[in-house]
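The chains carry the letters A, B, C and D, assigned in the order they are written, with residues numbered from 1 in each.
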Amino acid sequence: MSQTAKVAVMGVSGYAGMELARLLLHHPAFREHAPLFLGRAGSTPEPLVNLHPHLLDNNGSRNLRVEPLDWRRLQDEGVQVLLLATPHEQSRAMVPEALARGIRVVDLSGAWRLQAVENRAVYAFEDEGSATAQAVQAKAVYGMPELHREEIPSAEIVANPGCYATSVILALKPLAQAGWLDLNRGIVSDSKSGVSGAGKAPTAKTHFMYAADNLSAYGLFGHRHTGELLEQLQLTREQIVFTPHLLPIPRGILSTIYVHFTEPREAEEVESCYRAFFAASPMVRIYGAGQLPQIQYSVRTSYCDIGFQLDQGGRRCIIVSCLDNLLKGAASQAVQNLNLMCGWKEAEGLK
Amino acid sequence: MSQTAKVAVMGVSGYAGMELARLLLHHPAFREHAPLFLGRAGSTPEPLVNLHPHLLDNNGSRNLRVEPLDWRRLQDEGVQVLLLATPHEQSRAMVPEALARGIRVVDLSGAWRLQAVENRAVYAFEDEGSATAQAVQAKAVYGMPELHREEIPSAEIVANPGCYATSVILALKPLAQAGWLDLNRGIVSDSKSGVSGAGKAPTAKTHFMYAADNLSAYGLFGHRHTGELLEQLQLTREQIVFTPHLLPIPRGILSTIYVHFTEPREAEEVESCYRAFFAASPMVRIYGAGQLPQIQYSVRTSYCDIGFQLDQGGRRCIIVSCLDNLLKGAASQAVQNLNLMCGWKEAEGLK
Amino acid sequence: MSQTAKVAVMGVSGYAGMELARLLLHHPAFREHAPLFLGRAGSTPEPLVNLHPHLLDNNGSRNLRVEPLDWRRLQDEGVQVLLLATPHEQSRAMVPEALARGIRVVDLSGAWRLQAVENRAVYAFEDEGSATAQAVQAKAVYGMPELHREEIPSAEIVANPGCYATSVILALKPLAQAGWLDLNRGIVSDSKSGVSGAGKAPTAKTHFMYAADNLSAYGLFGHRHTGELLEQLQLTREQIVFTPHLLPIPRGILSTIYVHFTEPREAEEVESCYRAFFAASPMVRIYGAGQLPQIQYSVRTSYCDIGFQLDQGGRRCIIVSCLDNLLKGAASQAVQNLNLMCGWKEAEGLK
Amino acid sequence: MSQTAKVAVMGVSGYAGMELARLLLHHPAFREHAPLFLGRAGSTPEPLVNLHPHLLDNNGSRNLRVEPLDWRRLQDEGVQVLLLATPHEQSRAMVPEALARGIRVVDLSGAWRLQAVENRAVYAFEDEGSATAQAVQAKAVYGMPELHREEIPSAEIVANPGCYATSVILALKPLAQAGWLDLNRGIVSDSKSGVSGAGKAPTAKTHFMYAADNLSAYGLFGHRHTGELLEQLQLTREQIVFTPHLLPIPRGILSTIYVHFTEPREAEEVESCYRAFFAASPMVRIYGAGQLPQIQYSVRTSYCDIGFQLDQGGRRCIIVSCLDNLLKGAASQAVQNLNLMCGWKEAEGLK
């Protein structure tokens, strides 16, 4: 398997795209040849450093530029994988084109994550009924290596998971798969995210004066990432409640998840369940009994950190999971997927 | 009813005591004669402004001082009500003494809030077995005017509620009293508080470097305020989970509370239930449908703000309640209690 | 002198206007009759509370609304003073109209603060050459009561000072007027402001991700408030440097000001100079030797706090001044001016 | 020159020591053999990860421990360089011992930075008069590679500069050495630092409630780092004022520095002066005209960023310099020094 690959990245002006650029510029596979950085078709080429001054040092000898998208050129240059950190509407339009030209895709948006029409309804995709879109969707693999490590290496299109969804699914999947959860009692995921999750566009809610010294809940019973939880954990809408909150910090997600077990469990048993499930997963860290993850320990890392606390009776359990929404919740997970698609080590360039 | 009273305050060096001092200095009843401010017996008298530079302006003509506690002097000066913003061990020691001398007390600590021995166990009070303490406890009224408005005016000792407990009990009591809650399904209160809730002592957890840009959960299945929820809402430990978190902000609490109803409800019905319950309560604000409270709107006010969102089916409901942990969660609630004990308007000095 | 007045306020949607509304709603003169709140001509009337949920309680019995500007109605209702918290272009257009209709104005923008054409150049006013504008400008009194207390009561148009300018001018005027400053050595004012100073419009620089965990300098050698320093302190551009910085906090300004004295001074002498100058000024607080103001102590107050430190030799002095940019730097200073114009106590409604 | 070295690090529990540990664990020279991590003599050995959970991943296969200091063992194991991130009193005691045993030292404290007795007075070292201490001091090289690159490789003891001092000296040295500064007019450095600069001990000033939403000046005319400015820039105390401020952010320093030139300069000239001076310095980045550094761009990097703005007349200049106080202001600069002492590339392990 080749130790490099021809890769292009689109959407580097946003926060996730910025982190993706940074990770790839430090990735061993791109030491000799940097990825191509793409802007919208017809846009004016500009130095990457203009978008992100702190990438200055990487630019030293390489003078990297963001060039306008040109499909023919991508093919001529033999681009094998296209990473999209674009809005979901743009990803809906671009992915069919890329696949038609034989270019594989990792898409960081919500465009292709959901198989069930009713779960996609919240996005109101304009091309929902089109046969092309349905064909692409049928090929799309949900890009969470811890769950779909077998399918990703050969996937044409990998739909990189949502940041909140990653923190909840990784925390619940081991228990769900073990069949321990009492779904009649329902699951609650109370999740909190830093402001970068709201995107780079200046809005009333991303204004410093709104977010600072504040906490607010939003999207109650209706956040877009809910569909990912349902599909990946095989739950019904009645079995789980997911509530996001906006934290006054730049980055990081903490999910506090409340479950009931069908029968009492010991802490060692729960810890073993997690360790067994993630034995082959380099980007998940399990905390031992008496320890809980915090945002400060996972932020600026590519890990998802998971800890838990059992009630005395052993039937109620609170799981706390933390990750950096721009890294394991976006760019680092995309690199995991890229690594698997290229036959490299899953954690390459992420530690 | 007299429009002033002889009042003393102890513990003004802490955050809650500081706010209590500030509120009382602006309270109409104390325009002519400021309350007495007390330090520990034997301490050196010092200007109040030394403790809190921002109270400078109130001090102008009055030159207020913090004087050492002297029980005889309190009696000689005819002090009627003593407000304690002291640690709970200190309140356990002082309250019997005050009552014995005919001085009524509003105690802001956790010393006298809990009637059930098993709920008090978490405090490990040294005088747990003493007959004196039991006699005081039997007289203690839980100082939440919205629930105990009838008993507070004549109480000798009022136990001012915990900050987290206030945000949860006010949000749940109307629904609990209406009998709407499906307690078999359990209640989850995921609560978040600013750093002032952790007290003024510099510790590893109140260090800026620990709290800033971070979020952490703590006290899982074991926080001290849980007993207050159980007693005031008449719940068993199996029926509610309460999880506090440390927010990177100076002040404010937001509780996100998840309940199930025994039968489907309409939003209007839920709003009416809240409005009816709090009709006579000036310090609670109910948000209408489609609106949720945020920390930024309740901080630096004496209100508890409550909003909710119903699931489509009308059986699942999320309640969001916000307050300022130092005000409605401490000092303002103490002033409500003082007002009731003195026969004044409940909201006097709080708007 | 009447204890109320007919007052209208325009621009309450911004931060300074919001604080102005809050102050006026608590001002004794407006207990019976609230001010009129105005939006742009032709705008749809809306409840004040929609703009600022935390004003909810003030609204209770009064149901205040923001009504579209209608000059005829202002005259019919006998409005005496119009307070403008509008952008400077809008203030340039409105003030001549108001004066022509016999309505006095306090303008919080930069529209009328500067008498010298060259100092105004940075604003590039479209009506710079017009005779009407020049006539208005000739009447404008710079609304800093500590400097112009004699002229404000009878002024038709009061130009409320800039927030940065207030912090620098108040700190320097006593020393400048005493003739102590060695202007050949130059003055440096290194000033820092919270994000509310950048306005409510969501921009790249007010985005939480830009401002949080950051500090940046801007407007070097060219900030708009420089002209105010020159005119009020009678300095040339070569004699002072003023550099603003954007702090990652919601509100507050701290200016660190470096001066040389022409001859050595004692600390007592300097403190006396300040105390004498501000003897009749209720909104300035002087810190004694060994104490320096901090943003935390002036924020959410209407004061400007001033302290200083002398070098051993007594010739170099650092002055530190703090204020809340939305209060003493804007709304509270406007209320001081309104009070003086109406013949009320200067500090009415501000303590 | 060998590509590895036997290195020990003491004081990894503090913030600078933590960053030093992190940098060394990623440094190419220590891929095979990690440095030794030392605690106080007699302390109990403990896993490094206990001190810093986020170093967890580096620990995987290596199980690093913090072992108590044992001089004999250091010699037996052939330790060549000892890095001290200890308090200055401890460094004063340890360095003579290390040198006597033939172990070279990089000391991150203020213990050995100052050659002039009067500049050291502020530290009040207990061993000030001792001949041993004087002998060590005479050998100490000020560890700023950009100024002392020739002496560091052979130094026995390298005194790593203060964080504030680094930001000021690097910004001023090129202009000072060029002889452009009008020292009669004086230099002002108004510097601002994040809270990590105040150390890990919980104190009243590092409490979240003190630092958050605040800005305060401290150490006026008397901060410890002033002596470093005087010695490295060859200035007298009358020629420079340095004022530190405490910013409400975890890390980062920005210094705004005001100078006068003896004759007018062009921007290109100034930029060239900087570029020439730092031509061989990989850890300094010069910003071009019209661009200024900000804390957000230098934080979490090992760079010192420098930009400037000239007044129209070309005689007044404001220099803005930024760095991460824990990195270029401490740990990264120590690694630069270690690299030079070991004959490695200066920037090894820092990009």
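By definition in this document, contacts are C-beta pairs under 8 Å (C-beta built on N, C-alpha and C of every residue); 3 or more make two chains touch, one makes a residue touch a chain.
Here's who's who by UniProt: A, B, C, D = N-acetyl-gamma-glutamyl-phosphate reductase.
Keep in mind that this is a model prediction, so the values were computed, not measured.
Novice: List every chain that touches both chain A and chain B.
Specialist: Shared contacts of chain A and chain B: C, D.
Novice: Which chain's centre, taken as the mean of its Cα atoms, is farthest from the centre of chain B?
Specialist: The most remote chain is D.
Novice: For chain A versus chain C, what separation do you get between their C-alpha means, in angstrom?
Specialist: The separation of the two C-alpha centroids amounts to 47 Å.
Novice: For chain B and chain C, let me know how many angstrom lie between their CA-based centres, rounded off.
Specialist: 38
Novice: Taking each chain's centre as the mean of its CA atoms, how far is chain C from chain D in angstrom?
Specialist: Distance between chain centres, rounded to whole Å: 41 Å.
Novice: Among the residues of chain A, which are close enough to touch at least two other chains?
Specialist: Correct list: 210, 213, 248-250, 296.
Novice: Which residues of chain D touch chain B in their complex?
Specialist: Its residues touching chain B are 15, 195-196, 200, 202-204, 206-213, 248-250.
Novice: What residues of chain C sit close enough to touch chain B in their complex?
Specialist: 53-54, 56-57, 213, 285, 296-298, 300-301, 303, 351
Novice: What residues of chain A sit close enough to touch chain B in their complex?
Specialist: 185-186, 188, 190, 192, 210, 213-218, 220-221, 238, 241, 243, 245, 247-250, 252, 254, 256, 258, 260, 292, 294-296, 299, 309, 311-313, 316, 318, 320
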